[in-house]
Amino acid sequence: MSNITYLEAIRLAQQRVLHEDPRVFIYGQDIGVFGGAFKATKNLAKEFPGRVLDAPISEDAMVGLAIGAAVEGMRPIIEMQFADFSTCGFNQIVNQAATLHYRTGTSCPLVIRLPSGGTPGGGPFHSQSMEAIYAHYPGLIVMTPATVEDAYTMLLEAVAIDDPVIFCEHKFLYYHLKADRLPETVLPFGKARIARQGRDVTVVAYSAMVHEALAAAEELTHDGYDIEVVDLRTVRPIDTDTILASVARTGRLLVVGEAWPWGGVAAEVISRVATEGFGLLDAPPQRLNAKETPVPYHPALWGTHRPTASSVANSLRQLLEL
Amino acid sequence: MTLGKASVSGSKRVGKPSQGVTRENARRAYRLMLEARVLEEKLAVLYRSGKIVGGVFLGRGQEALSVSLGVHLRKGDIYAPLIRDQAGRMAFGDTILDTLRTYLGSSLGSMRGRDGNIHRGRPAEGYHAMISHLGAMVSTVCGGLMAKRMRGETGAVGATCIGEGGTSTGSFHEGMNLAGVEKLPIVVVVANNQFSYSTPNERQFACADLLSRAEGYGVMGRRAVGNDLIDCLGVIGEAVSSARSGEGPQLVVADLLRLVGHGEHDDASYIPEFLKMSPLGEDCLDLARTKMLEIGWLSDDEVTDWQKIIEKEVEENASKVLREPAPDPSEEDWNAFSSLDPQQKQHLQTGGRQ
Amino acid sequence: MTLGKASVSGSKRVGKPSQGVTRENARRAYRLMLEARVLEEKLAVLYRSGKIVGGVFLGRGQEALSVSLGVHLRKGDIYAPLIRDQAGRMAFGDTILDTLRTYLGSSLGSMRGRDGNIHRGRPAEGYHAMISHLGAMVSTVCGGLMAKRMRGETGAVGATCIGEGGTSTGSFHEGMNLAGVEKLPIVVVVANNQFSYSTPNERQFACADLLSRAEGYGVMGRRAVGNDLIDCLGVIGEAVSSARSGEGPQLVVADLLRLVGHGEHDDASYIPEFLKMSPLGEDCLDLARTKMLEIGWLSDDEVTDWQKIIEKEVEENASKVLREPAPDPSEEDWNAFSSLDPQQKQHLQTGGRQ
Amino acid sequence: MSNITYLEAIRLAQQRVLHEDPRVFIYGQDIGVFGGAFKATKNLAKEFPGRVLDAPISEDAMVGLAIGAAVEGMRPIIEMQFADFSTCGFNQIVNQAATLHYRTGTSCPLVIRLPSGGTPGGGPFHSQSMEAIYAHYPGLIVMTPATVEDAYTMLLEAVAIDDPVIFCEHKFLYYHLKADRLPETVLPFGKARIARQGRDVTVVAYSAMVHEALAAAEELTHDGYDIEVVDLRTVRPIDTDTILASVARTGRLLVVGEAWPWGGVAAEVISRVATEGFGLLDAPPQRLNAKETPVPYHPALWGTHRPTASSVANSLRQLLEL
């Protein structure tokens, strides 16, 4: 294999779990013969008859169905057409899936795939990043893969986990990212990854923002700085240990998130580091998030709304002067 | 007496007496109704004496309808009862003991004090534990049935109840529509008790008849007389066997009245006297006893005996549970996650490290 | 020719030709359909040439149905169009200019580049800007009508369109049910184009006829021939005047086909040939022209003239908008809040202080 | 007047706005003749015919209706029967109400009242505190009154504001709190209140937790400590200035929230203080939140699940030793 995209990795992971695990099925709008709005299930309906099914436009019922099937021992994967539409299945996710195990002792192994994040022209309702909303709820695991390799292995892992997993896959990465082969080995569940080693600042990021952070880090080499980038991989749980170890080395922290700031991943990470690693910080920790409006439609507005390599680089320069 | 007098909207009209009603069935159902009634009276007492906190939500007046669904289900079926289904729950295998344990929050109950009252079940055994959000359980039952179908298990049905108020939720609609699309063997019973909490039907829906919704979902519709056990047994029996034999989703609508407040905190003074005095207001237990005495399926002595036995059982269970340990917060596994290993669990806690 | 051939389910059956169809109306409608068609063709070109980003979602084949709702509305009414309503929008007063501005993200458009394509409106003028989440606009229109009722304003109606796929949403159900309960003067038009994106109707609903849902909501139901302008004008005209005269909510269901992909990225290869060749697949513009030529409401020359005028107008507007300023991020008021004073606004920003 | 409860203050505020502003109406389940599940609209339907209306069990449509009415110039108040059920109206709240003004320039003045927070025996679905979920979204204002006075004046303010307001009223305070009279003057919108002055630690709290914090502060006077308590009043916006000024005096910060920790108000406050007031801190800031499970039913579990005066006092003692 060569030139496997992030999107294709997701398709291949689904193909693999369908092949290996008879408990798996996929339910979502237009995912059958059509192969999904983004083609993440292309050809799967044909290869696995009766196990890749078109759903009616009923996000609440789609999630309810997955819960009922999970209780019966299946491993459903729900594809939301866009993360933004998961708000219509919100109640089932946070009140039924997330609470089931604590309340009843029965586990609820399901995966909800959320095509997330902004793309040019996506606009307010096809661009959202909802990881913080779901991560607020005990009982939900929230994954945010940033690489082709992670898109593949973490989706396998998501299906294997006995709890409901919100799988935030980034639409902007679907075609942009490519890898030569899929990995054989995997980081342990919930472990963050040092995406780039450095000694001057720790940038914590996840999903598409990892790549903006890496580009910014590259840019700052010209200024003679050596930036470390931590890719969270999962945002619930957060691998606080890896973050603290990095901050212990660098003394400085910037957290970057594509979502809105209030109560987001960045707020949570900073709160943990301030609480548990206060003494490690040589300067105030900083965060960089989306601007506080709906995600705008026009690419020029969108490009400013979200953090980019250049705004990350700016934030880094400011932080290095503190 | 109307055995199986089912008014069927949609493709099929059934006139003959139903196999759903047998002497055995009816006797079992009546006894379970009595059990539910006596148990619920005890719950009300425990609530008033402050032993149960939060609330107590009773099914008084709805036992006939509720039990009729429960007795037609069997092991391997899926059942998601709602608020007023004590009788149906007992029929499906729930017990006086576990009901009391759940209401009293005993750590030995199936919900271990984590959830309470009507939010009770054993999902792994097909007995779903409702969430409060009305309508949500319809699609959950559908999911269980999809699982069975994919595994090639046939012959099982799924069932759930809902009040007429719950039919206004988007969740109910999506679940019903999905059931239709997937042609699942689900039976949905709507208990139209004329009020959702205090809200009368004219503020809840505008159709002349909720049964008219069956056609819009492409499912079979049947009407039952909600406080008439024999009718309910017949109609729901047919619905369940239709579903079981592959005829797709079934909607049963039954008119009745709840003879009690929404919860025990509520005196239901909004229910007008004329309704209480109407046929809807007749107590299904009285009606069933009269009918069954008439046709010789029951004797007065039996009823008296059963009443005594049940009362004793309820009292004994109540005093037992009242002495059982409350959950101990310091022993509680404060973790919402499932089968991850302990280190992973620790890892999952936001504040667990502090 | 069938003037106002309306099949009415529910309480009323109407046979006589409708007042909704007049020479004027039909001519205006036809011209607007042409306008929508030509404009949308330009949008497709702009999309393919990379000038429009994100997506382009066209109503080709649905103009007759869409315009028929629009032309029966008037100032003071409320209108929440959906995806395939370019024609209806123009009838309600939207312009070629603002459509292009919104698609191209011009800072001079009503959405100022903040939202785009079909997410377009001027709510303060009764022209609601849809959110993507299907079904959501039904209750929003209801709210506008509640407001008018409370203020004692009479005679206004509210209207919205939705695809058959959108009827599966809980939101649609809740909105319809609420409309029934509140007896609001709302007209809801369901464009059943047999597919929601790629999903055929057998995976979307199980009823034989979506119109059967009207009864379950307690609203009047009517059927229109979706690609027949004269029929649509008549049927929707009746629905709108029923609503206007206080007869409560109206549901209109029309079968048709979209003659284009879900969006311009989609080749719609999932629509089988036999459907395209069926009467459903006939182009409503062709049909309307033929009929109107036949009865002398239109001449060939007029159509040719209109086409030319419209093409010119579309081209001129497009080149104008292509030169208009894009929104400037540094000038953008990055604030989601409304009329708070600037200091308060500043205060509201989480990250604004950094 | 005397002995006005928090609940009665809410009723009186609604009575007043109905009386003074013809644009106001109230829509919610059982709020008409019945007066609401908690009696917050008792007698109002009679006093204001046609303006206090029973809604069907349709949270999505209730919010949609409010949005449409707001667009037409009305000032609707939606009563959710419990905050927990607002998940069923979530999509309309976050995707339609919150975005309307930014997208279209038309404002969307509505108030959604959420009877929030835990009570004994409430259990997982009648106890939730959803302020952080709503506060994440730009375009929503989120109020969390802790006193009878604030319940009254902030609800008046909520109705006056041109944006959608999520009004989190705490069920546990409904009958517990009483005041002699309703206030004439009001703190400015969005301003936090120093509920208790002190010099040793700043405790930031809101809603019911203000009272737990005050009780803990009282307890710590016996240890000779002088604890300052800041009542946030609104959680979006957060009055960072008042918090920073307090931390500048005390050097120590504990944030207490009844909701779950991940991305909650406490995380957001700590993130702000760490970012903007790093130098003011003499010790790592700390937070205390609910335990990370659904809210349990049994009072004994519930009493441990939520922060209480005694767990706040414990946290304070630990913080004072850092």
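Letters A, B, C and D mark the chains as written, and numbering starts fresh at 1 in each.
We take it that a residue touches a chain if its C-beta (ideal position, glycine included) is under 8 Å from a C-beta of that chain, and two chains touch if they have at least 3 such contacts.
Small disclaimer: the values here were computed from a predicted structure and weren't measured.
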item	value
Set of chains adjacent to chain B and to chain D	A, C
Most remote chain, CA-based centroid, reference being chain C	B
Averaged-CA centre spacing for the pair chain B and chain A, given as whole angstrom	40
Whole-Å gap between the CA centroids of chain A and chain C	36
Distance from the mean Cα position of chain D to that of chain A, given in whole angstrom	30
Two or more partner chains touched - positions in chain B	111, 114-115, 119, 131-133, 168-171, 174, 177-178, 181, 203-205, 335-336, 348-350, 354
Sequence positions of chain D contacting 2 or more other chains	55-56, 58, 60-61, 84, 87-88, 91, 95, 98-99, 102-103, 124-125, 138-139, 236, 260, 262, 268, 275-276, 286-287, 292-294
Chain contact topology (line, ring, star, complete or other)	complete
For the chain D and chain A complex, residues of the former touching the latter	84, 87-88, 90-91, 94-95, 98-99, 102-103, 124-125, 132-133, 135-139, 236, 259-260, 262-268, 270-271, 273-276, 278-279, 281, 283-287, 292-294
Contact footprint of chain B on chain A as seen in their complex	25, 50-51, 55-56, 58-74, 76, 91-92, 95-96, 98-109, 138-139, 141, 161-163, 189-190, 236-240, 268, 272, 275-276
Residues of chain B that touch chain C when the two form their complex	135, 168-174, 177-178, 180-181, 183, 202-208, 210, 212-213, 215-219, 248
Contacting residues of chain C [partner chain A, same complex]	52-55, 105, 111, 113-117, 119, 131-134, 165-166, 168-171, 196-199, 203-205, 270, 326-330, 332, 334-336, 348-352, 354
Of all residues in chain C, those that touch chain D in their complex	78, 110-112, 114-115, 119, 121-124, 128-129, 131-133, 136-148, 150, 170-171, 174-175, 177-178, 181, 335-340, 344, 347-350, 353-354
